[in-house]
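After this come two complexes, each holding chain A, first together with chain B and then together with chain C.
On to the complex of A and B.
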C-alpha cells in the first residue's frame, strides 16, 4: 500500500486535543448533571405529581425527544430559535440541547426505577404521615436511582458520544479538534483514529466516575 | 428573488426522506445479517470466537457513531476503495447496527432456559440444529420488541451521515435552510418528519413489549 501512516504528525496538536477533551468533559459534566435533574423532575411529574396536564406534557416531551435525532434538536435550538428572538452562543445551545435530550431519556429510565419500588414502601411512608413529596424524596428516589444507576450510566455514555455532533455548530469539543487538525495536516484517518481512542478512554473514565459517584451519592450511607 | 412556500420546503424534505429510509433499511437489513454472524460468535462454545465477538461489540458500542463514520469515510479511500458518502455511511451504519443487534439478541438467546439446550443436546442435535430448531425460535419471540425499538436508533443514526456529506433528510434540511433562510420552519418540519418515521416504530415496539410482559405474568 502506498499510503504511509503518520501518527506523530497528530501529536504536534496535543494542546488542541487537550482543549477538545476539556470541552467534551465540560459538556458531559454540566449537561449530564442538569439532564439527570430534569429526568428526576420528569419522573416525578409523570408518576407523582397527580397533575394530568403536567404528566401529559412531560410524556409528549419524552416522545418528541426520543423519536427525533439529536442533530436536528441541536440545529433547531441553535439555528431555529434565533428567529423567535432567542439568541444563544454555541456552547449554550449545545448544553441546552444535551440537557433537553438527556432529560427525556433519563425521565423514562428513572420512572422505570420508581415503578419498581414496592407499593408497601409508599404505604409505609404515608402511614408515617409523610406528604407525597416527602415520600418521593425520602422513600422512593434513592432505591429507584440504585436500581437504574447502570442504565443511567450507559445513557450518559451515549449522550457523550452524541456530544461529538456539537462540533457541527462549532463547539470546540473533541470532534471539532479532530476536524481542525485534519484540516491542517490532512492526516484524516490518523486524527480520527486517535480521537476515537480518546472517546473510548473517556467512556471508560465516565463509567468509573459514575460508579464512584453512585457509591457516594446513591448507594452510600450518609450520616444523618 | 425566488419565494419558497411551505409546500416547497415540505416537498423537498419528503423527497430527501426517501434517502433516510433507504439508508436506514440498508443498515438495518445488512446490520441484521452481520449481527447474526456476530451473535453466533458471541454465544459460541469457542472462547476465541466469544472474545473476538465481544471485542467487536465493545469497539462499536464504545465509540461515537460519528467517529466510525469519519473513519469509514477517510479509511476506505486509504485502502484504495472508491469512497462515496453513500457507501461509507452504509458501511459504518451497518457495522454499528450489527454490534448493537448482536448484543440485544445475545440477551434474548441467553434468556432461553438452559434446560432447552440440554434437552436438545440429549436428542442428539448438533450445535447448528439446536440453534435453528430449538433456541432461535424461542429467542425470536423475545427479540422482536427490542429489535424494532432499535430500528428507531438506526433511523436517528442516519442523521449523522449528513456530516460526511450524504444527502438525506438532515443534509437536505441544512441545504434548504441555506436557500430559504427559514431555519425555524425547516428544522421543525424535519423534526416532525423524523418523528413520523420513528414514533410508529416506538409505539409498536412498546405495545409488543407490553403484550409479551403480560404473557409472562400469567
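On to the complex of A and C.
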C-alpha cells in the first residue's frame, strides 16, 4: 500500500507559506534581538548591579520562565493580560512572549560567560579607575559573549522552533500556515514534509547568520 | 608627608589574619621592593594600597587622601596609583594600542586622536612602538607585560604598584620588563614592587622591605638588608635563594 505523494495541492498555497515564513522570521528576528538585549541586562543585573532587589527580581523572573511551559506563558500574555486591560494583537503577544522567554534563558547563558571571564581582567579594569559599569561594558561583555556565542545560537534556534507554538493564538507563522493548508487540502504528510524542510533551512540560515554576526560583533578583530 | 602612608594596617581573610599591623611610608620618587616568603602578606599589602582588598583596621592615605571602599573615592585613588599584575591581564579582545587607549578615553574623556597619541608615546617608551595593532595573543609574555605597563602609564599615575610582574615570565623575558621598570625608576616614578628578583631589588631600589608573618620584619636600604640581615628569618630567606 504505497502512499502517493501529491505536492501540487500544497504548491497552490505558496503565498500562505511565504507569509508564514515572513512571520516566523519576524518573530525570531525581533524576538531574538530584544530577548538577547534583555539577557544582557539580566546578566548585568544578577552579576554586576550590586542591587539586591534587582538581582532578586531578575532571579525570580528567570526561575518563573524556566519552570513553566512556553505555551502557558503565551496564553497568559494573550488571554490573561486583556483581563487586566492590556489589549494586544496576536503578533504583539507572541513577540512579548518570545522576548520574555528568551530573555530569561539568555540571562543565564550570558551570566555563565561573564563568570568565566578571569577575575584579573576585572581587577585590571578597576585599577585603571573604571567604574563597575565601564568594566562590564568595555572589559567583560565581549569576552563573555565570545565564550557563550555557540550556546546562545542554539538557544535562538530552540526559540525559533518554539515560535511554532504561537500558531495557537493565530499568529500566521509557518506552523499556522501548514495547519491551515492541510485543513484545506487534507495533504497533511506533504504539507508537514515541506514545513519541516523549511524549518530546517531557516535553522541553518539562523546559525549561519549568528556565525556572521558573531564574527562581526563579538569575535571581530577590528584594528583601530 | 609620604606619598603613600600606611598606619597600623590589619587585614583578615575570614579568621586568617594576613596583615598584622603594618606601618610604612613611601615617599614620592622612591622605589621600594617588598620581599618575603609566599604567604607573608606582601601581595595583600600591595592590593590594599589601591583598594583591591578592603582592610579591617588601620589607615592608608595616598597624598593625604584616605583609601576607603567607597567607589568614587576608589576611582580618584586609582587615577593616581596604577597597578601591574603578575598575569598581565591585558584585555584580549583589544589591540595593544586599544588596551592603552581605553582607560584614558572612557575614564578621563580624552578624545580618541589624543588618546592614540598618548598610547603611541607610552608604547614607544616601553619599546613596543611597532606593536600598536597587535593583539595580546600575538605578543610574548614580556611584550604583554610591557603593554600592561604602558597601559598603566597612559593614566599618568603618581605611583605604580607592581605585583610580581616578572613571576609569570620565561627567564629570558624577565630582563626586558625589568629594564623598562628601571627606566621608570630613573625617571623618578614612585614604585612599590613585590618581587623575587633580588638582584634587581639590590640594584634599583632605594629601600627593601622584608615581610614575615604579616608584619614588616626588616626594612632598610638594599645594601644593609642584603649584606647585613639582622634577623634569623631574613638570613634564612636570603639563604634559601642561593
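Criterion: the second predicted complex is superposed on the first by the 219 of 224 C-alpha atoms of A that agree within 3 Å, B and C clash if a C-alpha of one lies under 4 Å from a C-alpha of the other, contacts with A are read in each partner's own complex, and residues count from 1 in each chain.
The working rule: contacts are C-beta pairs under 8 Å (C-beta built on N, C-alpha and C of every residue); 3 or more make two chains touch, one makes a residue touch a chain.
Bear in mind that the values here come from a model prediction, so they are computed numbers and not experimental data.
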**Message:** On the A-aligned overlay, A:63 touches which partner chain: chain B = first, chain C = second, or both, or neither?
**Reply:** first
**Prompt:** After superposition on the shared chain, which partner residues are touched by A:121: those of chain B (first), chain C (second), both, or neither?
**Reply:** second
**Prompt:** What is the contact status of A:192 with respect to chain B (first) and chain C (second): first, second, both, or neither?
**Reply:** first
**Message:** Tell me the contact category for A:146 with respect to chain B and chain C: first, second, both or neither.
**Reply:** second
**Asked** Between chain B (first) and chain C (second), which, if any, makes contact with A:73: first, second, both or neither?
**Response** first
**Request:** Of the two partners chain B and chain C, indicate the one touching more residues belonging to chain A.
**Result:** B
**Item:** chain A residues touching chain C - in the complex, by the definition given at the top
**Value:** 118, 120-121, 123-132, 134, 138-139, 142-143, 146, 221, 223-224
**Item:** Interfacial residue positions of chain B with respect to chain A in the complex
**Value:** 62-68, 70-71, 74-75, 78-80, 152, 155-157, 159-160, 162-163, 170, 173-174, 177, 182-184, 186-188, 190-191, 194-195, 198-199, 202
**Message:** Taking the touch rule as given, give the residues of chain C at its contact with chain A in the complex, in rising order.
**Reply:** 50, 52, 71, 74-76, 78-79, 82-83, 85, 87, 89-93, 95, 97-98, 101-103, 106-107, 116, 133, 135, 148, 151-152, 155
**Prompt:** For chain A, which residues count as touching chain B in their complex?
**Reply:** 1, 3, 63-64, 66-73, 75-76, 79-84, 160-162, 164-165, 168, 175, 178, 182, 188-189, 192-193, 195-196, 199-200, 203-204
